[in-house]
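For reference, the structures are reproduced in the following blocks.
The following pair of complexes shares a single chain, chain A, combined with chain B in the former and chain C in the latter.
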Partner chain A sequence: MIIWPILSAIGRTLWLPGADGVSRFSLETYVFFFSDQYSINNLMVTLWTTGVCALLLLPICLPIALYLRFAKGRLAAYVQGLAIFPMFVPSIILSYAIIRVLGPNGTVDLLFNSVGLPKIRSPYLTPWGPVIGLVWDNIPLTVLILLSGLGAVSDQSVEAARDVGARRWAVLWHIILPRITNSILVAISFTVLGIFSAFTLPYVLGPAAPEMMGPFMQRTFRDLNDPTNAITQAVISFAFCIVFGLFYVRSVAKNRKT
Partner chain B sequence: MAVLDIKDVTKIFGGTVAVERFNLTVADGELVCLLGPSGSGKSTLLRMIGGFETATSGVIAIDGEDVTRVPPERRPTGMVFQSHALWTHMNVFKNLAFGLKLRRLPPAEIKDRVEAVLEQVGLAGYGQRQTHQLSGGQQQRVALARSLVLEPKILLLDEPFASLDQHLRERLREEVRDLQQRLKITTLFVTHGQDEALALADRIVVLRAGRSEQIDPPDVVYRAPATPFVAGFIGTMNLIDGVVEGGVFRHPGLDLAMPVADGPATLAVRPEALGIAAATSAAAVIHRVTDYGTHAIVDIDLADGLRLKAMAPDARAWAAGTAVALSPQAFAVYRDNVAIHRAGA
Partner chain C sequence: MKRRAFLLSAGGAAAGMVLLPQLARAEAGRIDWYTGSDQNILDFWTNIVQPKFEAANPGITLNLVDAGDNAGLQAIGDRAVAAMASSADPQADIFESFDPRLPKGAIEAGLYVNIKEAGLSNYSKINPLAFDGDYSVPYRGSQVLLAYDTTKLDPANAPKTFADLIAWIKANPGQFIYNRPDKGGSGGNFVRRAIYEVNGNDTSKFTVDNYSAEAADAALKPAWDLLMDLAPSLFDGGAYTAGNTPSLQLLSQSAVTMIPAWSDQALQAISTGVLPETTGLVQLSDLGLPGGFSRSVILANGVNKDAALKLADFLLTEEIQSAVLTELGGFPGVAWDYVSPELRDKYKDVIPTTIPVFPGGDWEKAINDGWYRNVAPNVVRE
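Entry: the complex of A and B
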């Protein structure tokens, strides 16, 4: 069910209909993609955004998840609510909220102005715009995945580590992290796959050029009315996801074995 | 040399008083059992000694040094948890070596010490095993070894064998006792099994709702329980509420002379100290006789419905429905939660 559309999509980019109506095998759409500087730039900016988001998400979400796992009391419940909150905000509302806060003449700008500071260089319409939006949008899922991984780390095993003399960092590094590597991998692959094909946030917050693959495909398909090239772009995005997926499956399998 | 001093320690969780004004001094090399029903504060007390909970008030000192607010990683204590405390991503050797590595010992010394302690707990050659390849008893031995390898001043065990079957529990208990005596390590052992406490301890602390009811050697706790609670908690005990009038304890079916001032009192008699003889009055009637071969346990119903147990040498001498007279040979009398009179053995 999933395989068929993929195969058919690949097929449609490789067997192009000729002028006489007979389809012929050709790599020209791919040649075009990889020789077109604009397409390459789009691919690069997508990879860059994905990488930066993944790099930012871990240091943001791991402390939140650790806090939620090991803190007790009411404060932890509030933090949990806050961390999960972005999940319920549709991306379009989130985009406009970010514009209102960080955009030109947004809240931050006004605040800075009122205390006599210079205007900020708004991340809106730069590659950092989508990064901020996507990071925010992916916090809940990442926190939840990490949290489920941390659930498998028992209180007693952490206490036993402290008992033999491990300080905070030693506990984190030697006891907790080795036990949640799988969850971290799952979290990263989820965000990578999600961000690679994200549309709304890059579309609204990102620059017009270069653009991320999501909006690029959409525009090629709709505005330029060029489905073959749009599908080519999709197949290329998909290939990157597959590569990452395989990498992830392999490391999980390797982890199982040991 | 490691002496543990607990002075006036109280622990309050929100509204619950888990431990209340607790005092105890554990001598060097002594093994003390903390015994009490579920929720009596045993684990809380042990965790305060290990540093995992902070006392609300009071002082905990090891060798005279106040450690009340010292975190566990800097306390000279070693704790063995009930279960699930081994690090499953490390093999046995690494589990034991972790604490030594944190102390930056040279690898050769780490290897020697780990192997020596594995030998001590009877797991020589198990270093390269993964933890899930061990039986429950072996896992707890590894947990014990992991604490011992750091040569803690004080060893803390929180129901370490509770998840094991009776047979294994008894064997490990013996091993812990032997090891403890060989190493002369000051030890606190939490259990809610009275037989475990009686078999292991130099002294037993009986806890009830966060307070200590009695702190004494096992034979004293068994023969001279300080309170009716201890009397009922350790071994089988008949507890009979009554009134003393003119030097005679009165309860329907049982009158007993004793040199005690008038007033309400609780009489405590062990089954083996409750003599029975055939009688005509129907105030005490045999309900059932259970034959254990070496002896028999006779259940006796008093007129007010209270059921007592007496031990008899021969089951064939007694039958259900027979009226009997009761004569306690050894007993204790409690009033206002303290023993006011003891008689017999």
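Entry: the complex of A and C
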């Protein structure tokens, strides 16, 4: 069910129908993609967005997950609610909300203005627009995966380390992090896969060019009526995603063994 | 055994439901009406046209059917052609907005009623700009125009020609934005107006079937140069919104002073308060921004052809045409002399003198991709 469309897509981009109706083997759509500066820019901005989002997600989500793992009480419940909330917000609503809040003359501008601060340079319609949206959108998934990893860290081991005089950072570095490396890998590969193929947020919040692969593929397919090139772009995106997918598979396999 | 019985009856019921629509027959006195337009059009018909028409014509009812999109209408058109060949009932009487040139050869085959010869009492009121052949009834229109903030720009100084507009944008950097041409008609038609501009405003230069790669290169290249030259003066040094609505949002947040907008969307936004009362609308007078009319077609072999003609005539009455303006935010299909004077006065700035219509097809592809490759990038943004 999953493998067949992939194989068929690869096949359809390599064996193009010739003028005489006989299909022939050709790499030309791939050659076109990699010789076309416009397409390369789109791929680059997709990789950049994905990378930046992944880099931002970890330092944001790890403290939240740690807090939720070890804190108890009312406040922790509120934090958890806030952290999981983005999961239930459709991205199209999120996009327009971000325009309202962070867009030009948005809420942030109004607040800044009321205390006499200058306007912010709005991220709307720049590559940073989708980054902010995607990070917010991916917080719940990352936090949940990290939390499940932190569940494997027993209270006793943390307390034992404290008893022998380990400081906070030492506990984090020597006790907690080694146990959740797998979760971190899984979280990163999951979010990266999601971000790579993101559509709505880059479509509404991003700049007109370069486009991310999602909107680019859709435009090539629908506006330009050019399925062959759209599939080529899809195969290339898939090739990048499979690398992250392999990370995930490997860490799961390693888990099984131990 | 029970499970099997259940499966059988469920399967039978499902098969019955598939067969059911096939058994439905067109009823005399019930006009089968189809649309491929957006929800706001269907709402307009459900809430305004249907009750008014049925009240005025006892004994005739309207069956409003959403065909989804233009492709859906075309499928029903194909069915009607097939029905005509076998003298069967097409189960359709009127299409809300459709091009009678489709399906190919339909006019020659006599599928559509010749409206000009049908003797509609209101036919003479139709705006001469709105006609597109004799086989359709133009009853509403929409055109792209410029929407601007009158608190920042005095209406007396609003640009009236494309050259004025360019000069204004350059003199007020960051105050204008249009959307990507493939993502919405307001930006798309602004780009097309720029293409007309560099081709001497000669609208006859572009037709559906005169596209060629060389012609496109020659006609579009200067437009890309013009738009690229404009880019640094746009909002945020060359940003383009992703649709008609985000442009309206930027105007409503007062982030820009002027945008191109669809007349019906702008009028509706003003009446619902999305845009403030102080929003001004202006159309260019040298050559308007492109737009188009929606034209209904009536099927000649429909069971309720005569009732459908009555409906078409009813559409052109002042009552419905005023509602097109006030409720739908569109342009009337009739000439402005047949609209009530106070409405005419209220909308005088948006009354079009010309409505250029840019052809679709291959031109559209060339314009969209050309814009993305030439205008959208190559901008150094700080």
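Criterion: the second predicted complex is superposed on the first by the 246 of 258 C-alpha atoms of A that agree within 3 Å, B and C clash if a C-alpha of one lies under 4 Å from a C-alpha of the other, contacts with A are read in each partner's own complex, and residues count from 1 in each chain.
Methods note: contacts are C-beta pairs under 8 Å (C-beta built on N, C-alpha and C of every residue); 3 or more make two chains touch, one makes a residue touch a chain.
No experiment lies behind these values; they were computed from the predicted model shown.
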{"item": "Combined model on chain A: chain C and chain B, fit or clash", "value": "fit"}
{"item": "Touched partner set for A:Phe196, first chain B, second chain C, both or neither", "value": "neither"}
{"item": "Broader residue contact with chain A after superposition on the shared chain, chain B or chain C", "value": "C"}
{"item": "Touched partner set for A:Val204, first chain B, second chain C, both or neither", "value": "second"}
{"item": "Which of chain B and chain C A:Arg167 touches, first, second, both or neither", "value": "first"}
{"item": "Chain B versus chain C as contact partner of A:Leu224, first or second or both or neither", "value": "second"}
{"item": "Which superposed partner A:Trp128 touches (first chain B, second chain C, both, neither)", "value": "neither"}
{"item": "Which of chain B and chain C A:Ile175 touches, first, second, both or neither", "value": "first"}
{"item": "Superposed arrangement, angle subtended at the Cα centre of chain A by chain B and chain C, nearest 10 degrees", "value": "140"}
{"item": "First, second, both or neither for A:Trp136, with chain B first and chain C second", "value": "neither"}
{"item": "Per-pair minimum CA distance [chain C against chain B, superposed on A] in Å", "value": "49"}
{"item": "Chain C-contacting residues of chain A that also contact chain B", "value": "none"}
{"item": "Residue ranges of chain B touching chain A (in the complex, touch as defined)", "value": "50-52, 71-74, 77-79, 81-89, 98-99, 102-103, 143, 146-147, 150"}
{"item": "Chain A residues touching chain B - in the complex, by the definition given at the top", "value": "154, 156-157, 159-167, 170, 174-175, 178-179"}
{"item": "Contacting residues of chain A [partner chain C, same complex]", "value": "38, 41, 96, 99-100, 103-106, 122, 124-126, 203-211, 219, 223-225"}
{"item": "For the chain C and chain A complex, residues of the former touching the latter", "value": "180, 182, 235-236, 239-243, 246, 249-250, 253-256, 365, 368-369, 372-373, 376-377, 381"}
